[in-house]
Amino acid sequence: MVPLETGAIRQALCRITIATRARHVHDVSDEVDRWLAEIGAGEGLLTAFVRHTSCSLTVQENADPSVLADLLDALDRLAPAGAGYRHGSEGPDDMPAHIKTMLTGASIAIPVVGGQMDFGTWQALYLIEHRARGRPRTITLHYLGS
Amino acid sequence: MVPLETGAIRQALCRITIATRARHVHDVSDEVDRWLAEIGAGEGLLTAFVRHTSCSLTVQENADPSVLADLLDALDRLAPAGAGYRHGSEGPDDMPAHIKTMLTGASIAIPVVGGQMDFGTWQALYLIEHRARGRPRTITLHYLGS
Amino acid sequence: MVPLETGAIRQALCRITIATRARHVHDVSDEVDRWLAEIGAGEGLLTAFVRHTSCSLTVQENADPSVLADLLDALDRLAPAGAGYRHGSEGPDDMPAHIKTMLTGASIAIPVVGGQMDFGTWQALYLIEHRARGRPRTITLHYLGS
């Protein structure tokens, strides 16, 4: 346990837009790390937040792509289409997408070390598009640190 | 991507209490935005944390109220009452409530822009009461920023 | 609602390692509070992040141990072994572990008051080992505050 203390704390804020594909898991780690490099981040805290309610963020394995396919299938089992939902005006894939977002989360906070998200060897940050059609999705990034 | 940098970072902290209704999804966005206005928040990071283990926080759609009813039903399917739980001393709705809290989360971090949570058009912050009886619920709010 | 404002914001960062047991829920609150005491934390924000994709963090009830056993069973029902996963190279418990991590979360942000996580009476911070064999697990802790 080596505490690290820093004098001057600063912050930065931006929004990035990802053009998603239908029901797809997008690795957005490079985009986030590029922004951290741009602002000259050192040690601190990165928060990512999706400004939508039918896509979400997760930190998951980046080694075997079949993990991502299995995660999508698991979400389909947990929030099946056609389960007698009241809300159907935006299409049969909309209410399952809201449930999947509730289960996985709109926001994630990740410590930053040496200018990069402090991931383990097999981790990446993913945006999951839950809808049956891709679209532009906006993520707000916030950094606090040195 | 327009980074925004600020000189002086300050923080504020408070606890708010919500009188919940049984198995209900409460929009707490106004309460949080009112506090952000009170402390004169600019750009920063808002963290909300429930001090309980049978209610939780989620960011969800604020347009069609039937979405919220469908979310409650989905949680009932994922954590059904009477599923042979060991823990029953606090009533049959207690263990399902703990599971629902684990799946949705006790904490959420949201970037703040222009003194307000940086929500998309259709987003709001909700406190979900999972128990079969309403009660006072305390949320700790923490702000770091300009 | 009593806002608290502080002049100088500082940060601290460390990694702790927990030797987990197979499919077990570990209370890590004391370890985190000890670190907060070490760095002299006052009011602020604690973020904990697991650097793995088959274990996760949750804030849950610390009173009745049977709650924790029921939570593990609930996760087994939501992410059953042998559900026809594509990803199986790391063993039959690996893909369920990834799903459980997605549902519960790799990261949590908790306000700090008086040098301690601002828990309610019955809350504790838990690391859940989802794999069928224990191993060393690293958590990054980040603190911003007074």
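We just call them A, B and C in the order they show up, numbering each chain from 1.
The definition used in the following text is that contacts are C-beta pairs under 8 Å (C-beta built on N, C-alpha and C of every residue); 3 or more make two chains touch, one makes a residue touch a chain.
Treat the numbers as computed from the prediction; the structure is a model and nothing was measured.
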If I superpose chain A onto chain C using their CA atoms, what angle of rotation comes out, to the nearest 5 degrees?
120
For the copies chain A and chain B, give the interface type as same if over half of its residue numbers appear on both sides, and as different if under half do.
different
Computed distance of Cα centres, chain B from chain A, in Å
18
Would you give the residues of chain C that are in contact with at least 2 other chains, written as numbers and ranges?
9, 45, 78, 103, 105, 108-109, 144
Residues of chain C defined as touching chain A within the complex:
9-16, 35, 38-39, 45, 47, 49, 51-53, 78-79, 83, 85-87, 89, 95, 98-99, 101-103, 105-109, 138, 140-142, 144
Can you check the complex and tell me which residues of chain B touch chain A?
1-7, 9, 43-45, 58-61, 64, 66-67, 69-71, 74, 77-78, 103-105, 108-111, 113, 118-120, 122-123, 144-146
